[in-house]
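Next come two complexes, and both contain chain A; in the first it sits with chain B, in the second with chain C.
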Partner chain A sequence: MALLEVEDLRVAFGASTAVDGVSFSVPEGKVVGLVGESGCGKSVTSLAIMGLLPKGRGRKARQPVLAAASEPVGSGLKATAAAPQSIAASGGRSRGGADVNGRAVFDGTDLLSLAPAAMRRRRGKDLAMVFQDPLSSLNPVVPIGRQITEVLERHRGLKGDKASKEAANLLDRVGIPDPTRRLKEYPHQLSGGMRQRVLIAIAVACAPRLLIADEPTTALDVTIQAQILELLKDLVETEGTALLMITHDLGVVAGICDEVNVLYSGRVVESAPVRELFARPTHPYTIGLLGSIPRLDLPIHEPLTPIRGSIADVIRWHDGCAFAPRCDRVAAPCVEGEPALVGAVHAHRCVMAEEVA
Partner chain B sequence: MLRYTVKRLLQLSVALLGLSLLLFAWFKALPGGPENRLLPENATDRQREALRAALGLDEPVWTQYGEFLGRIVRLDFGSSLSSGRPIATELAERLPATVELSLAAMLIAVGLGIPLGYLAAKRRGTWIDFGTVSGSLLGTCIPIFFLAAMLKVVFAQELGWLPTTFRLTAGADFTEVTGLRVFDGIITGEFDIAWDAVKHLILPAIALSSIPLAVIVRITRASVLDVVGEDYVRTADAKGLKPSTVRGRHVMRNAMLPIATIIGLLLGSLFAGAVLTESVFAFGGIGSFVYQATTERDYPALMGFILVIAVFYVVINLLVDLSYGLLDPRVRVRK
Partner chain C sequence: MSTEQTEPHVPAQRTEEPDLSAAATASTRLLEVEDLKVHFPIRRGIVVERTVGHVQAVDGVGLGIDSGGTYGLVGESGCGKTTFGRAVLRLEEPTAGRVRLGGEEVTAMKGERLRRFRSRMQMVFQDPLGSLNPRHNVDMLLSEPLKVHGVGSKAERRKLAVETLDAVGLPKSVLERFPHEFSGGQRQRLGIARALMLRPDLIVCDEPVSALDVSIQAQVMNLLDELQDEFGLTYLVIAHDLAVVRHLSDRVGVMYLGKLVEEADSETIYERPRHPYTKALLSAVPQPDPEVEANRERIILKGDLPSPANPPSGCRFRTRCPWAEDICAEVEPEWREAAGGHKVACHFDL
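And now, the complex of A and B:
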């Protein structure tokens, strides 16, 4: 059994579904990627695993079937394309919390059913997270040293000088020069790359077995991005930490991941070992993603082929493939019920895949 | 931090100088001028000239302003036109009462307002939130004078739980140190005096605290709601910290920035409320002094009062700015 098994994870904000039955696993010590375009549910998935979503009213995610049923019967395709209500329109970051369903089994325990206090004891210790925007993710009025020592104090019982010394060690390990002086500084006194290093130091402070990084390089300069990726790679290799790498950048996936899960509209549409995915992409969405990145091995005039349209606002997996409105290969079977995830090592969710391959 | 402090001090001196100019201009522009107040109705022009010369009113304007400034710096505000006593003495005698009352009111407002505001934010959308916000609206609506009178009638006159007037029970024998009775009672070991002073303070302080309390509740609520949505609070949660740590170190420390500013501003404005409250409870602070000065057109006394209030505002502002520097490291470094 893998270190983390996410099974049929569903997250809804009120009536809108953000994650619609995501399943994947992160084996001990491996780097697993979660890719997909903006809004497909990557961050919500990771926050759900960490137990960091605002609490909703009920445990049952409301099925989007209700919204579909009220629509005039017609071609499923049309209904999907003309989805009238969008998650964004229904309030974006709504005040109401998230209803989370499914399982996220970490080392034998389902994190989603843990009591808040029990989850707090594991968060930051057994599983930790690095966020996208390093400036806003650090407290502006607390010295960075304190922001590191507080997690050492909480989970490792280190106090005073011992904690400070360990914090300096950690800063040193993430490549921050003159760590003892830096401990007294505030986030605004550091550069973007350094801030992300501090966040990484905080995340690895208690030697977690799973590290979740949600687009850790998106807010940084290109040269810094490479350094941060290198650092993460180095840390997880030497410590044997498993890493769930969330990104929309296939370059990052190619550079660091062992396995990849491609997410589309709240579901995994393809998952495979990283070489396999790049060699034989099967799902039209994955093929589209690969076609829309510049490649060095193609003539420079070869046009990039972007995926047309944008992510469907309402998840409509139940009455057909949610990618159908944007898919070049769409055919009648695509909108006759939910496409299932088929395959084991290399799995995909496309009814036309046999023809595609 | 030192540069920051010096810069603030300079800014404040400029502000004070500007204020003195305004005051001087106001004084000059008064209808009739002060000499009318001192002369009998049927005074002759010669008498008038003589008095103007005696008061220095016939000198060039800039000389007058210079002298005016000089007197202010020496704390020589002249004598009250009604009592004839030096204004500085009158103010010095009455100021401690007002300061004590204002501080007590602020203590109530802060001590109650911040927790209530936090609770309302945490329970956003529940009846607790609704009740707190409505209550604070009510607090800003009730006129202080009315509230003070109601408190006095109910708790002092009808129920008899607390004294109706003055700062101490009549005939109490106390040692005066700073003039803040509670504080003096504690440092001199006269605890019965301190307690007596507290009992006399409660009702006026509650009346005076109503507006700052309401404001602090609402600012705290808004500020906390702002901060809990910040990424760094999510980071703190991701560390698995105890809720109390997240609340204290991560939410409140950031939420305090706007609250501190408001507290400073409110402290200055308490003096205005104190005039009314003091008159209801015969508290004997500068409130009654100002009341009298206004009704009797005692301009020198009013001027002294305004200057004292201005200095208070300025000092409080300085304290707020400095505390801001302490609370927010970003301010400290930005020159």
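And now, the complex of A and C:
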């Protein structure tokens, strides 16, 4: 059994469904990718696993768990905690909270059913997260050394000099030159690439078994991106960390992932081992994404074949394939009920795939 | 900003070459930039501000774009590519150098003449939401450039707006809508439509697709291609994504720390990069193909971009260059032609 097994994860914000029954697993020492464009539910999936979504009206009485000390919280998610009891009682609207259902089994424990205190003990220690924007994920008024030792104190009981020494070790390990001096610096004094390294240092401070990286290189330049991807690969290879990589960049996926799940409108539309996916993309959305990327290794005036329309053109999965309004292969069966995810190793959610193949 | 010259004027290294071909290319060369510099003063002091140094954002960049062509300028954040694009349009005051558009010297213009001339050169910005006034509807947004330049009556302006919307693939019905009602891709189409309203000769596109989703990026790139044919546009495309630049451009220049380090036809530069920085950039771009990714050799550059206020001596790239030798710290490499039309600033033939 894999280290993390996500089963039928559903996240809804009031009436709108962000994640609609997503299942995948992340084995130890492997990199699993969640790929999709903005609004496909990839980030919400990761936040749900980490228990970082504000609580909605559904599910058991779980408190909002945003105040956890050990890790930075993506901006914009704070302060949305609704008053759970009153909403649950009225059965009415939820005010910004998320209803999370399904299971996320980490090493035998369902993370989604853990009490907030138990989750806090695990978060930062067994599972950690690296966010997209390092500047807004680090506390601007606290030196970075303090932000690293905070985790070490909380989860590993290290204090004072010992903690600082370990913090310097961590910075050294993620490739920051002159770590002892850097410990006293504030986030604004570091470059984007260095900030991202600090964030990774915080995430790996307690040698987590699962690392979730949400667009860790999107804000960085390509040469810095290459450095950070090497660093993450190295972590997976030497420590056997399981890495859940969330990205929109199929190039990054090709370079680092072992398994890929392509998300569209809250559901997995295709999942396969990385080589298989790129060699035989089956779902029209995956094919469309690949056709949209200008490539350096193809003839120069190869025209792009973009996907038409935008992500706003969807129908509900309940009524048919959500991608149907943008799909070139659309036919009558596409809008007659829910398409199922078929196949085992290479699975896809397209009723027309067989006809075309 | 300061226009004082703080250093002796370095004669442009590439002035000899255009003179010979000037007659032949005069009809086709739309934009000619010579030795353009933009230095921002660093000021210190509370009551009396003293200039304690200069950030050399752009430090002697020259290039030319043929009419109907596309020049792609690539580089990482902080290399000065955006400042260069803005200085070409006089949105940033150049410290030195010359910019000529269609034979007229933009850098020598002032006041009303410059204001009028601006109708021939427009810009498309990176952030489509930030560059559209949220309180203006599409009709107002698109008519404004025409009003500023006193073109047409209200009805004519509206007609032109509808035509331009059609060209960028938006229906007439959006005229009454506001920027927040559009998706990112549609907003970028509006940004492009606004730049097109005055039917300019040159459009500077600063990161035109980087804020957009992959599938939308492709739509906007195809649109830029179509519009170029339809309106006979000349583009200066500024981007950090090498694949995007390769796709859009005929000629590509690579910038590092305020200077061009390499320039060639887009096919050549990607097939046979000659500057170590270009090689490193190309090797760092992740390719959407696991086979390619598994087998490629990556040149991982160490460290970050040095400060443009205090660039390294000699070759500016030497602090991160895997091939650097002593000479690189002492002598600044000259901007030389390594092969037909392929220019590079490096001491070595790599």
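Brief remarks follow.
In this text, the second predicted complex is superposed on the first by the 315 of 357 C-alpha atoms of A that agree within 3 Å, B and C clash if a C-alpha of one lies under 4 Å from a C-alpha of the other, contacts with A are read in each partner's own complex, and residues count from 1 in each chain.
Basically, a residue touches a chain if its C-beta (ideal position, glycine included) is under 8 Å from a C-beta of that chain, and two chains touch if they have at least 3 such contacts.
Here the structure is a predicted model, which means the values were calculated and not measured.
Clash-free side-by-side placement of chain B and chain C is the outcome of superposition onto chain A.
Touch criterion met: A:199 reaches chain B, while chain C stays clear of it.
One of chain B and chain C touches more residues of chain A, and that partner is C.
Applying the stated contact rule after C-alpha superposition, one finds that A:225 touches chain C and leaves chain B untouched. Within the superposed three-chain model, A:113 lies out of touch with both chain B and chain C [touch as defined at top].
Shared-chain residue A:180: touches no atom of chain B or chain C.
Fitting both structures onto chain A leaves chain B and chain C with a minimum C-alpha separation of 7 Å.
Chain contact summary for the complex, chain A toward chain B: residues 50, 52, 95, 119-125, 128-129, 131, 133, 136-143, 146, 150-151, 154-155, 186, 188-189, 199, 202. Touching chain A in their complex are the following residues of chain C: 76-77, 183, 185-186, 213-219, 221-222, 240-244, 246-247, 266-267, 270, 280-293, 298, 300-301, 303-305. Those residues of chain A whose C-beta lies close enough to touch chain C in the complex are 37-38, 177, 191-194, 221-227, 229-230, 248-255, 274-275, 278, 288-297, 300, 303-308, 310-312.
Interface residues of chain B, counted against chain A in their complex, comprise 124-125, 230-232, 234-242, 245, 249-250, 253-254, 257, 327-330, 333.
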